[in-house]
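Each structure below appears as structure tokens.
The same chain A turns up in both complexes below, where it pairs with chain B and then with chain C.
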Partner chain A sequence: MHLQTAVRAFAATALLAAAAPAALADNTQGITDKTIKIGNLGPFTGEAAVFNPLNYGPEAYLRYVNDKGGVHGRKFETVFADSACNEAKGIAAAKKLIYEDKVFMIMGNPCSGVAMAIKPMLEKEGIPWMGPAANPKLTRPTVPAMFHATYTGIESGQNMAKFALSNPAIKKFALIAHSNDWAKGYCDPAEAYIKANGGEVILSTAMERGSTDATAQVLQIKQSGAQAVMGCLYQHELIILLRDMQKFGANAVVVGALGADFDQTVQQVGNPAAVRERFFQPYQFKAKIGSKSLQDFHDIFVKYLKKEELPKAGPPTNFYYFGVPVGIVTVEGFRRAGPSPTREKWIAAIESIKDLDTGVLADKVSYSKDNHVGVNRMFAVGVDKDGKQTVYTQWGKPLPE
Partner chain B sequence: MLAVFLQLVVSGVATGMLYALVALSMTVGYRATTVVNFGHGDMVMAGAYAVFVFVGSGLPFAPALLLGLVVLFLFGLGTQRVLMRPIIAGPHLSLAMMALAIGYAVRGGARLEWGSEVTTLQRPYAQDAWMVGPVVFTTDDLVIATFVILLLLVLFLVFNVTPVGRLIRAVFQSQRGAALVGIDVHAFHGVMWGAGAALGAAGGVLLALIVPLSPDMGVWTLLRGFAAMTLGGFGSLHGAVIGGLILGVMEKLLGFYLSTVFIDITAYLITILVLLIRPSGLFGRQAAVRV
Partner chain C sequence: MPRLRVTRRLFWLVPLALLPLPLYLDQYRQYVVNLMLMYVPVGIGFNVVVGNLGLLAFSNVAFFGIGAYTSGVLALKLGVPWWLTILPAGLMGALAGCAAGIPALRGVRLFYLAIMTLAFGELLRWVYIRWVPVTGGSFGMSVPPPSVFGWTLETEGHKFYVFLVLVVLMVVLTDRVLRSRFGRAFMAIKDNELAAAAMGIPTDRYILLAFAWGGFVVGIGGSMYAALVGHVTPIAFDLTELILEFAVIMVGGLGSLLGSVIGAAVITAAPEFFREWLGFQELLFGLLIIAVILFLPRGLASLLARLHPVFVDRYYRD
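Right, the complex of A and B next:
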């Protein structure tokens, strides 16, 4: 009897073991007749929670699509998972999404460190990822199932430099950055672009997270004679830099990276003179936030997000709009994949997208087998001499409203 | 070059005043209880947010500030009474861990409410700047310096002239002795823990005038405050202030002349060097330190 039981147990174990790889390779995981299960991974807690509107933007779009009947009869079912922007927590959260919740794909995840940490797992399991994390190494060289729906640090860094260089008088640059991968992801491409296009980097300096002032950095910038500063900084430190640039009378213009929300930064600097014709940022959108052409997205956010998912005060901010293309392109993939989607079909569908107008981004979205970053062209945003927020196509040339 | 040097020193003093205030508030708690509060940075943060909430609810700045300080005093008193007192006779490590845990809990609460946004506390005065020779001064610099100097004077008087000061010194020198002569040491600890939290809150409010509010702002200030306290000498009020000023100036000078990377690590370097070379700091006395 014991032998028979043991043989049966062995056989059952062998069957389960044989079935396991099949389950891992299940290219319809997360798909039922009625639903598509999506993992939404992001910093819902922790010190980088300021970036979670990048998760709520696409979520609002999925709810909007659900409200319109879904895609091919299926509605999206989101499972939120908190990475706290911490690699260890992110890996644990991604494992839960993949192996317990059995999602079809992971969407969102604005934290580059977490995205890089879970990349091997996504590659191994073939789980699709569509996100806004800035690290270009996520999709360069291309990984079959990973896509950037928005700009990586390369596009943003190049556009920071490109905008400043579109002013013929600006040739001398200073770089100020956090000592981390995220900041390098912006400042390195900016530096390369400057050098390749006739500019000169005459100062490279650091400003760490948690700084309470930027005296040393600003005096270095003043002394160097830099005409433009590439500020690869998060919002907190960018605000301090701009305040101190004004305090010490540093005349260089500052072009900030996308780690800061432009509107909030301008408001929280608290001194119009410190930002007027002084502070710019690459601009991801086709028009000014608050303008008529982006009104539909504003309405989607307000209608479909819960109170706690929206800003405590004021309208949805830049990061909501920046996140929404992740949802739009994800949904477009399912539309194109047809009524019986698989991972392979979804990936092929995404790679077939050419010149998709998301209605929100400054560039149209195009992918191919060799290019998994959908967009490139950006504008710039700044505050003009009259104190009005203005989108520029290049230095001194406002985008027609 | 002299102009740059002078500017760095002036800015360093202005920043150092903030570090001094944090160190001062930690010292007050330490002098009364001989326990270093490693959760103190989060009291600094909580004070800033408390005033932010009161100002946001429509209160003018001055009453909001007073109310914020009272709230933090009561919070400090309450946490000492409810969470620290039951383990006060336990191992020093338990006290340090409890202080840390309280700090983490406060930070976690702040993150739940404000973790998703960067906010600022509006100044109750107009920010202005003046040139004195080649050096720039701002209203912020003057407000912070004036507040810290006044506070230092008040604390000096309280500690050295008043009966409360004698009480504090008695408890600092020997808790058992103080208890034997009839001082309610437990109640005294609670009040001083609360006073330390309220002073830390004042530091948080001043800090919030110049940097955006963040639930993690206390972590950065704790490190600086601790380094200033270590440099000045544990338990020394004027040592805390001088330690804060030296740290602020060193950060600026090393940051400008060597590398801006030093701004972030000066506090650690000072802590390491002082503990190795002169553990009692510049003005500290040897005492039984409970950490």
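Right, the complex of A and C next:
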């Protein structure tokens, strides 16, 4: 064959290929008589792998449900896919789940960047997504197939302010935040809530990531007379702020965002006086981790997760519990969708959920056509005057054990 | 016509042979192929500065980010169709290349240059995060679906054809540059900068030119990233990304145009092959890179060069 002929043949094929429309996933993809195939997308490699307990939490619950016989005679079959919290890799992982593994839906996905990157594809294909990623833009405005099973930055920020305002003596607030959107995601809703509920923001200041000193900010806070500080900071900087507030005798209460682990923060501040009745954080769960109320979930994690899926040392941590509602709500959707589930039926089933008690979250889960964020209410966690970690329903009111 | 020249013409069959790919690949595999194509200009640009010019400059990820943000901002904020943002993305990359090349003109070399150019990339990341009204800050920006002459590239297959054209263009143009007196000047500077200057080669001009060309080509790659991923965030242009891009040229072959192409393909495809071994991907990927560098220090391209002279990089015109 002459080169020119070959070129023409290839060009014709290319035109054909370009004109061919992409096949859309059908609405029962991933469902067989015996199984429901679910894609579990998350960071299993790279720095962000610390977040993968948010994937193993729901996975443990699916295995538990399988052990109990599944839903309408079908058992869940999970396909894990690594996003490494990187958009380009995350898209590849999601495409593999959708077009090769042919899953019914995607769950997990704690990384907001990846979730935002795959959002257009999910919308186009109508693939359901149930996840814990904090970016509120994922489900606001509402996207038909995307649901938050846990709190976004908006709920967390509002609950930070709400807890402080539940102390009638607190009216004057200071906001201290990193100059990034993550911090804005917490502090902006907190500020709006304060203003809407009779509080006053008298200081708004920045503390950059990597700061090793908060003297200037603490002196500003002290001078302003703020009674409460909304600390939209990551753990390292939050610790420095708490230490310096103690050092300079600034008495304002600090309510931190969820970018810090409460236990580690208290431990690393290294001074009980700096945190006792002074430092609080929004709390996602209905009881203290390790308490009787959450024992069932602890047992599920330990029984159904493999050794390499559990922490290397110690019991399952916060993120396992925070991930599990994703699995619970997903399964509830299948229960309600009936014996012949389709994507439309599953979505309608999720939207029909009202006041579902997950047994783990502080709030009951409710959805509607216009609201795809299931939960709102949070508690707060702090250290009481006896130095004991305590969960509060509001200021001064510990949650009954 | 010399025989080798005729054989080289067969290279044109490679993109032609790729044309029917979208007929056989699903959206996932096609996306991975597109990802490979996207990394070709990224590797080529990096290789021009590090491999051909021989300067240890790590600003590649900065050019990549600039390209992606230029396309993203123009498409999202000004409504410019994606295809019209490709050239501006390249030009912005070239401009950034000139800026990153300034320390080299001041005689900064080796690790000092490496650190300065790394800092340049981090500085740009700072800009992406802080210049919220334009860049969308830490959450980044969602780029509208790419379009060419009013035709929206809806599927990965559609994007593939446009990417293929861009990649062929970048390969051919860079080949021309490297085979011209510019390429030979880069090589002279790499071998012995002092001797090159003594021979009358205006080294400063050529160093700046290499940075600018590298920046331009990588900027085009950035524009492809914006079209392919559709979401541009600062975290995509961090140190991890730089290491990946460095792996592209190390595995492919330092200073080899063909190596950039092979490196892009291998480094992009390998993690997808290892995807099934969850938890071992990094280990396998790392072992692959170590093995290549250990046994093929001049990269995979050198393996092909051993097979046939047609794969040997040339720095002269036929």
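FYI, the second predicted complex is superposed on the first by the 329 of 401 C-alpha atoms of A that agree within 3 Å, B and C clash if a C-alpha of one lies under 4 Å from a C-alpha of the other, contacts with A are read in each partner's own complex, and residues count from 1 in each chain.
Quick note on the criterion: a residue touches a chain if its C-beta (ideal position, glycine included) is under 8 Å from a C-beta of that chain, and two chains touch if they have at least 3 such contacts.
Predicted, not measured: the structure shown is a model, and the values here were computed from it.
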| item | value |
| --- | --- |
| First (chain B), second (chain C), both or neither touched by A:Ile91 | second |
| First (chain B), second (chain C), both or neither touched by A:Ala192 | neither |
| More chain A residues in contact - chain B or chain C | C |
| Partner chain in contact with A:Ile202 - chain B first, chain C second, else both or neither | neither |
| First (chain B), second (chain C), both or neither touched by A:Pro53 | first |
| Chain B versus chain C as contact partner of A:Val143, first or second or both or neither | neither |
| Contacts of A:Lys247 with chain B and chain C, given as first, second, both or neither | first |
| Contacts of A:Thr45 with chain B and chain C, given as first, second, both or neither | both |
| Chain B versus chain C as contact partner of A:Ser179, first or second or both or neither | both |
| Chain B versus chain C as contact partner of A:Ala348, first or second or both or neither | neither |
| Chain C-contacting residues of chain A that also contact chain B | 45-47, 179 |
| Sites on chain A touched by chain B in the complex | 45-47, 49-50, 52-53, 179, 205-208, 210-213, 215-217, 219-220, 223, 235-236, 239-240, 243, 247-249, 261, 264, 268, 270-271, 311-312 |
| Parts of chain A lying in touch with chain C, wherever the complex brings them together | 6-7, 10-11, 13-14, 16-18, 20-22, 44-47, 80-82, 85-89, 91-93, 95-96, 98-100, 112-113, 116-117, 119-120, 135, 137, 179-182, 184-185, 308 |
| Chain B to chain A touching residues, read off their complex | 4, 7-8, 11-12, 14-15, 18, 111-112, 115-120, 122-123, 127, 129, 136, 138, 207, 210-212, 214-217, 219-221, 251-252, 255-256, 259-261, 263-264 |
| Contacting residues of chain C [partner chain A, same complex] | 13, 16-17, 19-23, 26-29, 31-32, 35, 129-130, 132, 136-140, 142, 145, 154-158, 161, 225, 228-231, 233, 235-236, 240, 271-272, 275, 278-279, 281-282 |
